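Labels for the chains are A, B, C and D, by order of writing; each one numbers its residues from 1.
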């Protein structure tokens, strides 16, 4: 018996060791999805006491307010990602290409630091800062930018602000990583070929940093799509988003089946996003092909010139 | 041919080996996950898992209980009755021994058969309870639950802005447009309000303000309520229950539709605010202690409930957090300063205006859906 | 024109960077500052005081929550490092690297979906919620970080080293212990610390999956925030910050921060 | 096609002086090679010319125009970088078209120019490929085309062939040479490989580790008549023998300790050549004849013992220990399958060389 076990162990050693992680993934990620999917398409008839298959909840989502809420969350996530991108790019650019080495390490260190504190703590900090008697209100009133009756909490802007401050480092880091790894000789080569700084940025630095930008957008877009603590705490529950609806469905109104259907749609989101990225690449590739086709046509047209 | 068969056999053997390995792992994992369940059956340790809202039991009271009985208390916090309901729906509340829930949820849980019947022989302190709170419609014989604290949903407002006597305070001040009220000269300035963030209570109060009724509504009336709530959103600063004191005290809003729980805290800070049950009516919330059927420590749970209902501990709790206790004498020993504010301790006349909303599950679903529309607007 | 652009580069860029850092740090700074404020309703500065810390230390609930958080975080770190590393090493040796791209899903999905997924699973099979569900969820997240980081390092390692060790007569186990583990150490430490802080800070999974006996610090803080502005939250948050920064500092002093950054 | 002139140029990094007071003139239309050991600062010179670095002191001229403070992208000088630095996100076509696009030229012109240049480097048909899918030699040619398309006055090449294998290197060298003949652009070629420099250039300069130019001239001048021990050693192999100068009736002789007198010859008399001074004789190994028997008709003959033989195929290298213990290296062409005499280890041999083949160097 012992021998047989030993034989199995040696023959399948790599399977034995790689299995737990994959199993964990299946049990706690894919199986839950299966359960969610099951919840979302199976309903219980209380009269007949039977379970039956239904697409009711999906129809409900696509025909009522829910789809609009999903769009709204999408919009919020897109705005957050866009704002993050606009702030993060200069910072990443500065970190990667300017500044002395030692200073850079310090800046980088201080960049990760806030993102490693709890999101809840950061949100609370903003609440504390923006409240009527908080530092920012006080400052803006003192400088007479806003009137004393104006307050900053509980609106859309505050939600975006909180989101951006929580997710900004996730946008900076991937862009920084790509820019930092980029060979500085490309910049030299570009300058050597007659491009000024702006042209170099437009034609070399930015296109080469695109993988980092995509990664950053993914890392910001997806969590801000599902976020519910920030709209609740900084938005005064006045704005309902996908995340808050799911929480509501699961913890409050107990319509789990609807919540599960909503969640399933949410799972589709990253896949959708990935498709977008691939589509973008394909379009670029097509553009390139067209360009080189034009060029070939040009060559054919001028055959006498170039042989 | 033979070769192929051999290959097939080898393949099958490998498959079997691998599934055996996966099986072993799965068994280990499942065992690890179900261990707590086994523990809950065989545990002899004297601990109680209490599930309650925040600011319910004061740390001192808990300490006192642990000291006197040697029973260790684990408290988990919920924010809403619905959360508790959701946890019960999952597995009948396995793991919890004493739960603190509000009236309508008591009815729901007892209907579903999640609760144990109380044994009054172990609860001598039940006699110390305020009779006004006993035998209410959600548990007419108090077979499953005993009230432990209570409060009202009413209006907290700034006396400088609303120069109205508390008896004349109306829900119109939160449901009607403050601009219009200001133009009519009823208030000294336009303002924004804080609104309760639970759909049921919002619908109930809106119904009271619109139709002066609370028993049922027709679909047309329901739509009218939804319209009113949608319209109200324009002047709502925040949908919240707990942060109300912050919004009032920092002067962002002068009036809030909220619970009487926070009033004492607000009074501690400022004299400017008054609490009133609107003349259309308010909501009475009775929080009760119940024992889930799944609890195997009924004796300890009874001991805990009895302890919490005693005069001494009830006073301790209500003084710590400022809510009104269901215990008669605890209420009497409350600070004299608050006593004179009669509206926190309503007389029979005012008390009659308080109702306990019990929605059918269909009405609740409708309210939930419509509330989503309010949130989305 | 040229002058303008130069101006842009030399002046505007550092300005934007400075503003971004101010934006990230202002709330934290104010938070920490006011945790030492003596006022109970934190409107203005009323003098230095440690009373909120005192209150914090004397609150058994916070200490219980902290204990729960620590247990979950340590178990999560241990588990995700163990099964993550085993997976990376074994799958390379067995050449089944196909599965490793699977684990990016854990980070890419909205966390709330993972949370309700685990909640539904446990409900479906009537498994009691508690430490089990929390550790399951956090480890899922942890694997999403451990496997890519450790794998990046492992792929960089020269396979000749392993082969040399095996060639010299060492068994797989000895090779794993004496060659691979020491070489992977920096990435193990980095991802371990990352997972630890991740688990300490995680809110969503903890919010959905905590059962009757467990309440983590992040969930406790959330329920505190829901109930209003209390300077004790400032004190809790400051402690959070101090713990996190100690960990980050540890990480930096180990000079593996670059690795984390480039492989993220 | 313009000349380049560096006047008293200095440059230091982190307080360390790399280039000190350098003067260098490169004539218009030359294929100029700058040869020096690694780390001597030759790349720095190139970067200074390109504008990738700014000078600390001194002036740089392109033709008659001073370009010391002209920013890099406005100089009509282009560079082929060491590892090519081809933009990985652009196709071959876009890489080559880069400098034209930056100058906002019309699409028609760009197409025509790129086609022309790609044809020139024999890469027509590769337009749509990405650099990573090309071989080393092809990448090299793209880099060349990219630099040439802008029609620079001066083309700088920074060790362009370092990454290629020997065979390909030889091929590319020939091509470069032909290209330069055709274009007549001034090429400045930096390398540490003397073989490349000698093969390819019209003019070359040798830089010593201190960053000074030791000698400038045609490859032949530099190889045959090095002016210093460093140059003689760095360019090709050589035997250095130390001795003392004797002059009688315009006959130059060198007395070497333990070996006696050598007759030498110098085409030009140098200032330091005073009788009795210590000096160095440099004799190229291939200019020495080795035989078992003594031969007639040589100005200098020596005896020694073979201590080492390395067979190179086309030639054989012998190391002969002379009487005074010094080793002399001799290259012998392997001209025949069956040589008349075979020299073996420990054989006593005679070595001969003519006095014209000796170069006198300052000690």
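Following the convention adopted for this analysis, a residue touches a chain if its C-beta (ideal position, glycine included) is under 8 Å from a C-beta of that chain, and two chains touch if they have at least 3 such contacts.
Everything quoted here is computed from the prediction, not taken from an experiment.
Centroid analysis (C-alpha atoms only) places D farthest from chain C.
Chain B and chain C have CA centres that are 33 Å apart.
Chain centres here are Cα means. That of chain B falls 89 Å from that of chain D. Separating the centre of chain A from that of chain D, both taken as means of CA atoms, is a distance of 55 Å.
Residue positions of chain C with contacts to 2 or more other chains are 43, 119, 136, 226, 229. Each of the following residues of chain A touches two or more other chains: 15-16, 20, 27, 131, 133, 196, 250-251. Applying the touch definition to every pair of chains gives A-B, A-C, A-D, B-C. Residues 32-37, 40, 49, 51, 54-55, 59, 62-63, 74-77, 79, 87, 90-91, 94-96, 242-243, 245-246, 249-250, 269 of chain B are the ones touching chain C in the complex. Residues 14, 17-18, 20-22, 25-26, 29, 80, 82-83, 85-86, 89, 197, 233, 236-240, 246, 250-252, 364-365, 368, 372-373, 375-376 of chain B touch chain A in their complex. Contacts from chain D toward chain A in the complex involve residues 50-52, 71-74, 77-79, 81, 83, 85, 87-91, 93, 98-99, 101-103, 111-112, 114-116, 119, 124, 127-128, 146-147, 150. Taken in their complex, chain C has these residues touching chain B: 41, 43, 59-61, 64, 119, 122-123, 126-132, 136, 210-215, 220, 223-224, 226-229. Of all the residues in chain A, the ones that touch chain D in their complex are 183, 185-186, 188-196, 199, 203-204, 207-208, 210, 288-289, 291-292, 294-296, 298-299, 302, 305-307.
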